[in-house]
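Look for chain A in each of the two complexes below; its partner is chain B in the first and chain C in the second.
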Partner chain A sequence: MIPAAAQPISVTRALTRSLLPVAVGLGLGLGLGQVVPTGTYAEKILFDIGINIILAVSLNLVNGFTGQFSMGHAGFMALGAYASIVVTYYGGFALFGDVGCHLNAQGYGLYFTSLVVGGLVAAAAGYLVGLPSLRLRGDYLAIVTLGFGEIIRVVLQVSYAVVEPEEMATVDWWERPLHLGKSLGFVHQGAYNSLSWTYAAVVLTLLCAYRLRESTHGRAFLSVRENEIAAEAVGIDTTRYKVNAFVLAAFFAGVAGALFGHQLGTGTAARPEEFNFMKSFEAIIMVVLGGMGSISGAALAAVTLTLLTELLRSVQDYRMVSYALLLILVMILRPEGLFGTRELWHFLRRRRP
Partner chain B sequence: MTEFLQFLLKGISVGSLYALLALGYTMVYGILQFINFAHSDVFMLGAFFSWRLATWFKLIDPSPLVATSLLLAAMALCALTGFLIELLAYRPLRRAPRLNVLITAIGVSLFLENSGQLVFGKDPRSYPQLLAEHTFSVGGVNVRSVEVIAVVTALALMVALHTLVYRTKIGRAMRAVSIDHKVAGLMGIPVSRVISFTFVVGSALAAAAGVLVGITYGQIKQPADSSWVLYGLKAFVAAVIGGIGSVPGAMLGGLLIGLCEQFVGGYISTQLRDAIIFALLIVVLLVKPSGLLGRRAIEKI
Partner chain C sequence: MSLLEVDALDVHYGAIHALHKVSLAVEEGEIVTLIGSNGAGKSTTLRALSGMVQSSGGTIVYGGRSIVGLRSDEIVRLGLAHAPEGRGIFGSLTVRENLELGAFSRRDGKVRSDLERMFERFPILQERAQQSAGTLSGGEQQMLAVARALMARPKLLLLDEPSLGLAPKIVQKIFAIVAEINRDGVTILLVEQNAHLALSVAHRAYVLETGEVKMAGSASELAASDEVRKAYLGVG
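For the complex of A and B:
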């Protein structure tokens, strides 16, 4: 199918096309935070849903689009969470003289910076892990990423206790990044996150994933998934694209972790235990059930499974048993996932001509 | 020096358990080329089946006969479990992409863990003392009799497996299938039956490891505890280090991992030892992806 892009379109149309979804999406995301009252149960669930959408959609870049198999998503999430908390905790102290939450322009700026830093640190780690292991066969990547996630968790567990920011000056410079709170994690960081931040990030993740798939890079990802040897034969640097997908996914996982780490008062905090391999498995289940390669499928699976988790809280013991059975059945009966590579709107109307 | 010998002994004892587990991973990987994530749960089931039988029949007095029969019963039950897993979950996916099989394996693993939790409860169980416990001191090193027995049992099983794989007809069939299952099928080898048999043998070995863990430590964690999965993952690391698909490699790798774990835990940090084992995996994959005793895999088009 040759897209309409073969004919030039006017600048205004191009701009509307690319910026309108961002504006509308961001508006909706930010608006959601204003509508839902803070501190309610609904807010907590919506927050969990948002985080899971980011995780599932980003993991889909690797597991769905590129056909690789990463099992260490929780590790990148943990890195993002800790890196961003370091920024707001110590940075907040440097800016304001205390580590509480500051809901002013400076505070928002700081939080935004911390989200980006969290994402970048995770992305850098993704590069370091991905570059060597993506040269290997698919399932080695699975075991390496799983091991990597566990390494991150264990290392965080043996880090030193969090020090008061004012005492940080007395600590040797090389020891400073090691004060990450042992197995208790960070608990006194500012609760900067809100639904507006979360859903702004969700919207940006969804749009990035969508635009990416329609781009040259995205096509390259898909070609690696479909047939690596054929992709190589037509001149696609498969290792490079695999690493790219991996780094991008790690970035978004880092952002999700950063959002997660700044949501206090809902029983979630940046503890190493929160980021064990079950968290990665949950993200994998969402991607697989939703459809490997379907953005809306992964997002929808994230929403459904998060809601189901809440609804089935009373029969928790049976929940994982039924998820596991569902996973096996889907693999046997519908191996491409419920949506396959199709999107939600492909079901609503006929396939595009 | 005494300390060193103590860690060495402990390392051999833990390492022989890893080796038993690693054999299951390496055989399945050799034949089907996927990581059988459910293997660590079969291992867990081995411990719990024998625990359940022992508490059911109130076998609390130490006796070698009871211990042996429990070991055999657990092996038989887990062999059946392994057979059913292969038949119900993996066989329908024989022609599916490897990734799908991997995901199914994760599904089976989660299923066994969580249904195990439903059946056996959420508490750690104390494992009955099946063998009389003696501790004797050899040159200042404390040797526990159960550890010696565990190592000897593990070694005996490994020798038995080695004989099975290299000296019998079915073993030759297994090796043939692992080299190329299409050609093996053309030569008249019943490929499906051989694959089933591989699962049966691997699961029985995992069950033996599970029973030995119960006997050695006197306590077993609850079925969904992450330590079971970690045990399995480290055994897989052992299989990779030894050379995936290689039976002697898995034994060597298991021993190395056990020793490495004990020395790192003893001299550096107990908390960091898992991290160091996974780091070792990454290093081995970078430097020598085929492992110590593995064959170099050639990517066929």
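For the complex of A and C:
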């Protein structure tokens, strides 16, 4: 893109252009939470859809935009979930003196903080994993991220039991983050999440991804995918951009995990088993099906596959078989995914030649 | 002082000694060409200059400072642009987006006017501005690659095999453009298999053979030399 200096537009227009979609989107997201009654089946489905949209759209930054192949998205999700629960549970105890769910301004402030912390912890892990492996070309990232996801899951399984409120005095504060509930999962966290929180995050993720792609940095991501040598030739630090995309994707996966970990009615949401390889694989399928590099494609694939999973619950034993078949069919019939690199509105308007 | 001075440059690919003490110089305003057969080390020389491969010995001084060990993005910012072999365009991005990416390293406000100038010089690119670059013909893609490199406003342009896989008529056109760019003040280091053509536009030339500089001289001298005529021009 042209640097901003070459394209003078008025401040008010720039503000409306960038803030209006955020305001409208957030309004819609928050509104959804008010319209759909809590505790219903519809709420659960909409929640699953929201989480999957964030996962697919964020993974698309790596697998779609920069053309790298990450297979450990669930690992970042797990880190985000557990880090944020540590904030709301142990942090909440320090703040309120109990571990209950405080649905007031302070409680929501704490929850918001925990979402950001969840994202940041995942992003930091993304940096540590990405920096060495993204210097190399080819399949290294796939192998490293696959291993990373499994390591996270196994480490969570061997954590200590959750510290009950009455035992808090016996465990030092700095040891508490190691008490994550073993393989049973973290079970006592407050159910802070709602559809409003979820869809506010969905909207922000979508807008970030879209604005990013239309920016200079987004073009740099795409150029790395298209032709790494040419990208270097025009002066793009390809390693840095690959790491950036990876860290950003990990951040959003962490936020998705944080939301997921605080949702009531998903059983014990933050169980290590929830974040196994199948979860990463599902996110990959959504990106591949939707189109590598298409934001709306990834989002629509997330919606479709989540709904399909629900509709086909009676034959769920065959879900993974059907996923595999679907993937093979996509590879044969439409290797670039349903949308390719295009967006939904490109089809509605004039088609790109 | 020359714009580019390379002294005793060595490059290894693993155990393979690709460049052996290559020394060359490019003066400001010149077109200098490296000719030689496949595998002589022509492209490797350019890649070493633009930081895409690391040299294992020797010095590269560009604009009075050593650029050995700099990353390619840092080198581009110094005004040394590389149009790599095989064109290397961004296929699923539009022609315009490709050109804008060429100016990636620039932070001045003149990108838009440069874009207009590129469209004047390459009218076909303007026609195809909104088209995916992958749908262009080979010649158009080569023009795009050259135009994209020029968008970095280079002082020195490294051009790798611009004639590769193109019809003779298109090649003539590309070389006319190369000469034109040079007249506008861009110094050019041209790698070319088509020695005849390269010597016809260049001021000076170096002959590379198995990673070593075998001959050097003015383009007309070399074009007249028996050795070059026999080995590279297919005459004599």
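Heads up, the rule we're going with is that the second predicted complex is superposed on the first by the 331 of 353 C-alpha atoms of A that agree within 3 Å, B and C clash if a C-alpha of one lies under 4 Å from a C-alpha of the other, contacts with A are read in each partner's own complex, and residues count from 1 in each chain.
Heads up, the rule we're going with is that a contact is a pair of C-beta atoms (placed from the backbone, for glycine too) under 8 Å apart; a residue touches a chain by one contact, two chains touch by 3 or more.
This is a predicted model, so every value here is computed, not measured.
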item: Contacts of A:348 with chain B and chain C, given as first, second, both or neither; value: neither
item: Partner chain(s) touched by A:220 [first = chain B, second = chain C, both, neither]; value: second
item: First, second, both or neither for A:229, with chain B first and chain C second; value: both
item: Contacts of A:237 with chain B and chain C, given as first, second, both or neither; value: second
item: Which of chain B and chain C A:335 touches, first, second, both or neither; value: first
item: Chain B and chain C footprints on chain A, overlapping residues; value: 229
item: Residue ranges of chain A touching chain B (in the complex, touch as defined); value: 67, 69, 129, 132-133, 136-140, 142-144, 146-148, 150-151, 154-155, 157-158, 229, 276-278, 281, 284, 288, 317-318, 320-321, 323-328, 331-332, 335
item: Chain C-touching residues of chain A, taken from the complex the two chains share; value: 1-3, 5-7, 216, 219-220, 222-223, 226-227, 229-237, 293, 340-341, 352-353
item: Chain B - residues contacting chain A, complex; value: 33-35, 89, 92-93, 96-104, 106-111, 113-115, 117-118, 224, 226, 229-230, 233, 236-237, 240, 269, 271-272, 274-275, 278-279, 281-282, 285-286, 289, 297, 301
item: Chain C - residues contacting chain A, complex; value: 50-52, 71-73, 75-77, 81-84, 88-94, 97, 100-102, 104-112, 115, 130-132, 135, 145, 148-149, 152
